[in-house]
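Only one structure is covered here, and it is reproduced in the block below.
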Amino acid sequence: MLLEIDDISVYYGKIAALKGVTVAVDEGEIVALIGANGAGKTTTLKTISGLRSVAKGAVRLAGRDITNVPGHERVALGLCQAPEGRGIFPGLTVLENLHMGSYIRKGDVSADVERVFSLFPRLKERQKQAGGTLSGGEQQMLAIGRALMAQPKVLLLDEPSMGLAPKIIQQIFEIIQEINEQGVTVLLVEQNAAQALALAHRAYVLETGRVVRSATGRELLNDPSVRAAYLGGDISH
Amino acid sequence: MSTALSKGRLKGAGSGRPRTPVPSFGGLPTPVRWVVYIALVALAAALPSIPGVADIMSPQNDWASVLVFPIGLYILMALGLNVVVGYAGLLDLGYVAFFAIGAYTGAILGSEYGWGFWEALPVGILLSMIAGLLLGTPTLRLRGDYLAIVTLGFGEIIRVTANNTDWLGGPRGVTNVPRPPAIGDLTFGALSTKPYWYLVLGLIVLVIIIGKRLERSRVGRAWAAIREDEDAAELMGVPTLKFKLASFAIGAGIAGAGGAVYASRTTAILPDNFPFVLSALILAAVVLGGSGNIAGVILGAFLVAWLPERFREFQEFRQLFFGAALVLIMLFRPQGLLPNARRKAELQEGSGGMGTLGAEVGAAATQTVEVDKK
Amino acid sequence: MSNFVDLFWSSTIDGLTIGSIYALVALGYTLVYGVLRLINFAHSEIFMIGTFASVGTISLFGLSGPASGLTLVLVLFCTAAAGMAASGASAVVLERVAYRRLRTRGSSRLAALISAIGASLFLQEVFALRWSNGELHASGRDYVNSERVLEKTELFSIGDGIVRNDKLLVFVAAILMMIVLDRFVNRTRLGRGIRATAQDSESAVLMGVNINRVVVLTFLIGGAMAGLAGALYVVYFDQTRYIIGFVLGIKAFTAAVLGGIGNLRGALLGGLTIGLVENYGASIWGAEWKDVITFSILVLVLLFRPNGILGEALGRSKA
């Protein structure tokens, strides 16, 4: 397994946000975490990136225990995240935002910039514009592009569809698939379960800080209880 | 952040629970507690008269004088600042300004217009409160740390203005301030200082009673809400500006009363009696003792006032010492020596005033767009 | 008002000179506030340390009168370098001792500000300590005079104002340094890291930015700028004092707020504005009202334009 989250518990004060979550991601996969608001999806991703400290359990990347590695050092090890709410630097230009993605790398990054621009031509048009002036969809493209600039082994995406129009969501998910086909492993957190399950090889269902189901995306998509809980009931029956 | 908030609420929910540092004392029946309170006040009143105490507490100076100033007036001011900092969570760095306004009002009315102390005192309190409202109305809308700097500026404006204004005596200040008239056998005099202590003690007791009542009232709960999360309080319909103004005015009035007493005790005041450092020392007293807890604040003020008096060789280093103490307390015991239980919980979760510091943990990304113009 | 007209040019020249010192000190407030949203109350003492380091360095040369030629350049360079080094290092130590623990534990910002006030009082008093008769006393309350480095000569005059070499030096050095800093923050990778951290610290961590290092760098740069301001102050006024930072610090903070705290160019604009306004005001109402004028500006700015003239560009807005 490339990325292993082994039985982790995370607390906010005395309140447990994660109560022993175990998730594994293999090289080349797209894995989705789905669940309702407050289930612990975002906390899981923040913990993987080192923004939250772990009370119990371990996080391993390519077999190495990184539980106590500070967040900023995990980028160099191959983890990069496009966070919830996109986390664009509003006062930096699009190009500067992309350069922040390659902050830890030395040397010429122009080839990577070109690669991001070929994935997201819109960003090329706006490269001199401040990040804060972009539309929601463009900001999401920028967040993903910026994370790619770090050349991650595992790309962590937190709610890439949040607040976007259906057409843009479609476009974003196609690009995620394309990125995966180019060889990047993806761990995706989504509330938009239907789209996520259709895209993911495997998926985990989180409920109040625990994993309650895990299976392939297709299997979960056809599971009546999952459909009832996360896909707005069984309408295609 | 929201989890931290709800935790704070949970702690506060048991409002019937004693907040005193010694829970067993709060559990005593009310009459017993009143007996203890009265005994404490009686003991305090007897402090300058008990034989032997003066030799231990103040071998070099008249013990009753030291009790009046700095000890008594520091305690009074610390209790007043506690209403602002401890209850409402507002950082006022210019608190000495209100002390100065009370002192100058008492001094000018007394020496220029022949008013007696008891007539001048309420005017001094009133003017200080008005100054508090005048300063507070525009500035209390500001963010917490901006407020701190503006109040600091205000303190300096008052001092420099007194220094530059002829009818306030300029740098030479005001002299010949009348002492309070004798009450029965109690004559207020340069050497007869015990009556001053009874006066200050009376004010302290009054302020404690007012403070306790306010803390337990609707106003006190509104202050706690403002302190913990001003935005949430505003959203829940608490008129935050009104309550902040109230704390500011009450704190100012208490300092004003202290100032009027100070002027009549020393009978001469100078602008240099009201430096920024005095504001900082009073703040140190509140924070050292335990912001929000009356017993703690009294202890803090006592230590800040008494230690340099008792250890004269130490007096020249007192700012050095209290500066370092402020840093160390914030680092290792932000709740103070005798903490208020609720304040302690707030400080631990970073909700006690002005939100959390810290870039890495929990700094929320804002959606607000500010473009860096090239 | 006639004084204002009569003294217009000399007020302008004095205002720009002292204003550029305010601007350099304002940078430290602005940088730290932008990244941590903390008013580094002890920054005024960082400036004060710079002035003492400068006075000490000048005395090391044992000049027997104003220097000239290469000696002058050497002395000025060493003084500036010493001021910057001492202040920069002190600022880093200050962050480590007084703030780091509060920051990593997510303490309330009230606690941090009180810690800052404590550090400020402590540092002032440290510089009032003197050895006398083998004993330590806090007796150094008077001005410490420095030997004059630069012979103050008239260069040219504009109207009633006389441009002197020391004033021009202060102004030019401050402006040059601010251009360098502006380039650093806007054009380099580290500068980009600082701006990114100021705008969204969590995202910055996700990009691999070491926040602690950025914070230390911020204090170092802000401190060094205050140190340069201290050196220029000593060259200009030939003296310093343990409490010198207090009022100057508030003015510099006012400058930072006026320009838009968190905004580097705003600090320059704010500093020069404060310098000019207080000198114009002094020409009308008298020099003894200078401080009242500045503090009144602070109150007015915060009331009517709390984000400053240029807005809070480096930092986030209200969190």
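For the reader, a short list of remarks on this structure follows.
Going in written order, the chains are labelled A, B and C, and every chain counts its residues from 1.
Everything below uses one rule, namely that a contact is a pair of C-beta atoms (placed from the backbone, for glycine too) under 8 Å apart; a residue touches a chain by one contact, two chains touch by 3 or more.
Note that this is a predicted model, so its numbers are computed, not measured.
Distance from the centre of subunit A peaks at B, each centre being the average of the chain's Cα atoms.
Just count the C-beta contacts per chain pair and the biggest one is B-C. With centres taken as mean C-alpha coordinates, the chain found closest to the middle of all protein C-alpha atoms is C.
With centres taken as mean Cα positions, subunit C sits 44 Å from subunit A. Centroids built from CA atoms put subunit B at 51 Å from subunit A. Rounded to whole angstrom, the centroid-to-centroid distance between subunit B and subunit C, based on C-alpha atoms, equals 31 Å.
Shown for subunit B are the residues in touch with two or more other chains, namely 349, 360-361, 365, 368, 370-372. Each of the following residues of subunit A touches two or more other chains: 51, 71, 83, 87, 90-92.
Within subunit C, residues 195, 199-200, 202-203, 205, 211, 313-314 each touch two or more of the remaining chains. Interface residues of subunit C, counted against subunit A in their complex, comprise 189, 192-193, 195-196, 199-200, 202-211, 313-314. Taken together, the subunit B residues at the contact with subunit C in this complex read 89, 91, 93, 138-139, 142-146, 148-150, 152-154, 156-157, 160-161, 163-164, 276-277, 280, 283-284, 287, 316-317, 319-320, 322-331, 334, 346-347, 349-366, 368, 370-374. Residues of subunit A touching subunit C in their complex: 49-51, 70-76, 80-81, 83, 87-92, 96, 99-101, 103-104, 146-147, 150. Subunit C contributes residues 35-39, 97-99, 101-115, 117-126, 129, 137-139, 186, 195, 197, 199-203, 205, 211-212, 215, 246-247, 250, 253-254, 257, 286, 288-289, 291-292, 294-296, 298-299, 302-303, 306, 310-319 to its touches with subunit B in the complex.
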